[in-house]
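Chain naming follows the written order as A, B and C, and within any one chain the residues start at number 1.
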């Protein structure tokens, strides 16, 4: 297409058309699979399947690590507070406050204070993941039918058993919703992690000067697919973990 | 054809006091990696004025348009149960796609600028508002609706005079969540060329901690203020809830 | 029985309000380009630049690349042109040279400051030995290449700047590094941090690998603004710096640059690149203003301006305005 010829940094009559779309979805998909010469002369190839997979793996890695970290921190606290019925202000307030954290400022701040690198980015992402998981753990446990809890205590279950065998299974929908929300926030922020030195798919998106508009759109496509894929996975997991009784009652 | 008048000193020569001696010891606070430079902050706070206004505009547009669309969709789906799941899924997809990716997916279509940023931000908050509205409407107790029908109200009147008022706490809660989230995400609008508080974070040095704290702090304050305002509206709109607590 | 409503049901009111507000906000100036702003400084005259009313009908948008020095030169040009009577908008910090050039070719900006070395090596693909060391030949070569693309370039600034491999002073002392060639045999243990496009540029990582034969332990792309931070925090062993950086003189006890003994990193002077048709439409005052106002930009002056922007964190607009005023260009 004539558009692409003009766009690939080639010399020619300077275009007088504004907003000439240089990347179509077609050229972007080609970028994902085939390495191409960069628009920046030097001839080095950019893009292609192996680089795309490498960036995607890094994004997945850092997402999973951050999610695990935030779950380790948030779940015990949220479940405990919910079980005891105290600390509502903290749990719910943290959820609200967590939503208000601007992602770009968080990544930049972490990079400025701790430095660039995987560990720092993981911590920053975990900070974003903790509020939704904590709040939903708390709310999920609180919403469990009190009668069931009392009945469980009545038949002699210990507090730990009440929590693990009665409250948590009944709170799974809310809990998983929190985890899914955290994942979405983490994946979205992991996309701008290249600013802090961790090369995720955001590298394609942020660095148009290296990868060209094809790379930018390609990066966006792959990130979107990854986010949707993770969400689907977690939704299926939620379906499997939700006990039959709950599923029937909500139908 | 203009001719220039040359000043007394040849233009281009600078007075000797133009140059300053700088050494590691005499660097001002903002050149070091101190956490917060109060003096600099006080003197330069006006740099954040335009980005803050841009940010407000982005959020206002995204939330209002998002509300208009999501609310309408929810009303449609309220009557037609078969619409609920598909619309939830559709808005869910828009919510899951990271905003940065969305900006650049729109790039071939709408180019850079505020429009692209607003479209992506609007898409982001559709699901929140839609889901809360649907759930709020669904939670209206049937006895109340039956009573209203018994009083002779039409379906439409029931919707606007009974269901929606009773659902309003849930709807406003959704609006609160959407607004707070949109304020946070709008810092990324910088990547779409849409301005906002993301711009000063880059412009004044991405590792300049004072700058990040100010820009991020303004965003957080903005989010919490909107939250408080909407909470106040929610409180005023539900006097029956207040009576129950009193 | 008719039920009387004492007030409009709240959700309906909310919806109406929402629609009205959104229309209002949308109408209140939703320009597609929020980064373009008018440099509204109207100097009261008395400076060397005289305003020519005939220029008022020409609108120019001045762009720049995404680091302080480029933004400062862009602002200097923009404000000088405004003093000369043009209607000027700025759209600074577009990105690296490929983005800036693309924006120029697409007509979204009227011109931007480029470096002769970057133009020749990065945009036109010349090898380092083909880049002339002197300012005037380099300018003429670059101008000839730009003219093949329907663009043109104006004469160069007095100062020139080059990429450099920099490190902490104590690292250089420990490893006995004075020139880049000293890195041979040692670079495999060292990490290099540079801008994302550095990997491809022959006046950056690609050149270090090709012409110096160096292999590094790792290369990490980071934002240009972090080039000193990564050294200070001890994460980078080596970092790509600019020879005009203010930190090199103000913090000379901390940072050093290694000598480019094989001359792989050519120094480039700044030239204003614009479209031929834009230059024609704008008339002779465009080139004249640019050439006159950059006469004061010697190396010490540019370093001072950089220091104000990068160390004192003054906005590029103010730095440029102060320069123009103290040099006598504006009143």
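The criterion applied here is as follows: a contact is a pair of C-beta atoms (placed from the backbone, for glycine too) under 8 Å apart; a residue touches a chain by one contact, two chains touch by 3 or more.
Predicted, not measured: the structure shown is a model, and the values here were computed from it.
Engineer: Tell me the shape of the graph of touching chains, choosing from line, ring, star, complete and other.
Structural biologist: The chain contacts form a complete graph, every chain touching every other.
Engineer: Could you let me know which interface, A-B or A-C, is made of more C-beta pairs in contact?
Structural biologist: If we tally the C-beta pairs in contact for A-C and A-B, the bigger total goes to A-B.
Engineer: Can you name the chain that lies farthest from subunit B, using the mean of each chain's Cα atoms as its centre?
Structural biologist: The chain farthest from subunit B, judged by C-alpha centres, is C.
Engineer: Using mean CA coordinates as chain centres, what's the gap between subunit A and subunit C in Å?
Structural biologist: Measuring from centre to centre gives 34 Å for this pair.
Engineer: Between subunit A and subunit B, what is the gap in Å from one C-alpha centre to the other?
Structural biologist: Here the centre of subunit B sits 19 Å away from the centre of subunit A.
Engineer: Where in subunit A do residues touch two or more other chains at once?
Structural biologist: 19, 111-112, 195, 206, in rising order.
Engineer: Hunt down the residues of subunit B that sit against at least two other chains at once, touch-wise.
Structural biologist: Residue numbers touching two or more other chains: 33, 111, 206-208.
Engineer: Out of subunit C, which residues touch more than one other chain, so two or more?
Structural biologist: Those would be 223, 226, 229.
Engineer: Across the complex, what residues on subunit B touch subunit A?
Structural biologist: It is residues 33, 35, 92-93, 95-105, 107-109, 111, 177, 180-181, 183-185, 187-188, 190-191, 197-198, 201, 206-209, 212-213, 215-216, 219-220, 223-224, 227 of subunit B that touch subunit A.
Engineer: Subunit C touches which residues of subunit A in the complex?
Structural biologist: Touch list, subunit A to subunit C: 9, 11-20, 22, 38-42, 44, 46, 111-112, 115-117, 194-195, 197, 199, 203, 206-210.
Engineer: Contact residues on subunit C for subunit A in the complex?
Structural biologist: Within the complex, subunit C touches subunit A at residues 95-99, 102, 104-108, 122-125, 148-151, 196-197, 199-202, 206, 220-223, 226, 229-230, 233, 235, 275.
Engineer: For subunit A, which residues are in contact with subunit B within the complex?
Structural biologist: 19, 21, 23-25, 96-97, 99-106, 108-109, 111-113, 184, 187-188, 191-192, 195, 202, 205-206, 213, 216-217, 219-221, 223-224, 227-228, 231
Engineer: Contact residues on subunit C for subunit B in the complex?
Structural biologist: It comes out as residues 1, 3, 5, 9-12, 14-15, 18-19, 21-22, 25-26, 28, 30-35, 47-52, 84, 93, 223, 225-226, 229, 232, 246, 249-251, 253-254, 284-285, 292, 295-296, 300-301, 304, 307, 310-313, 315, 323, 326-329.
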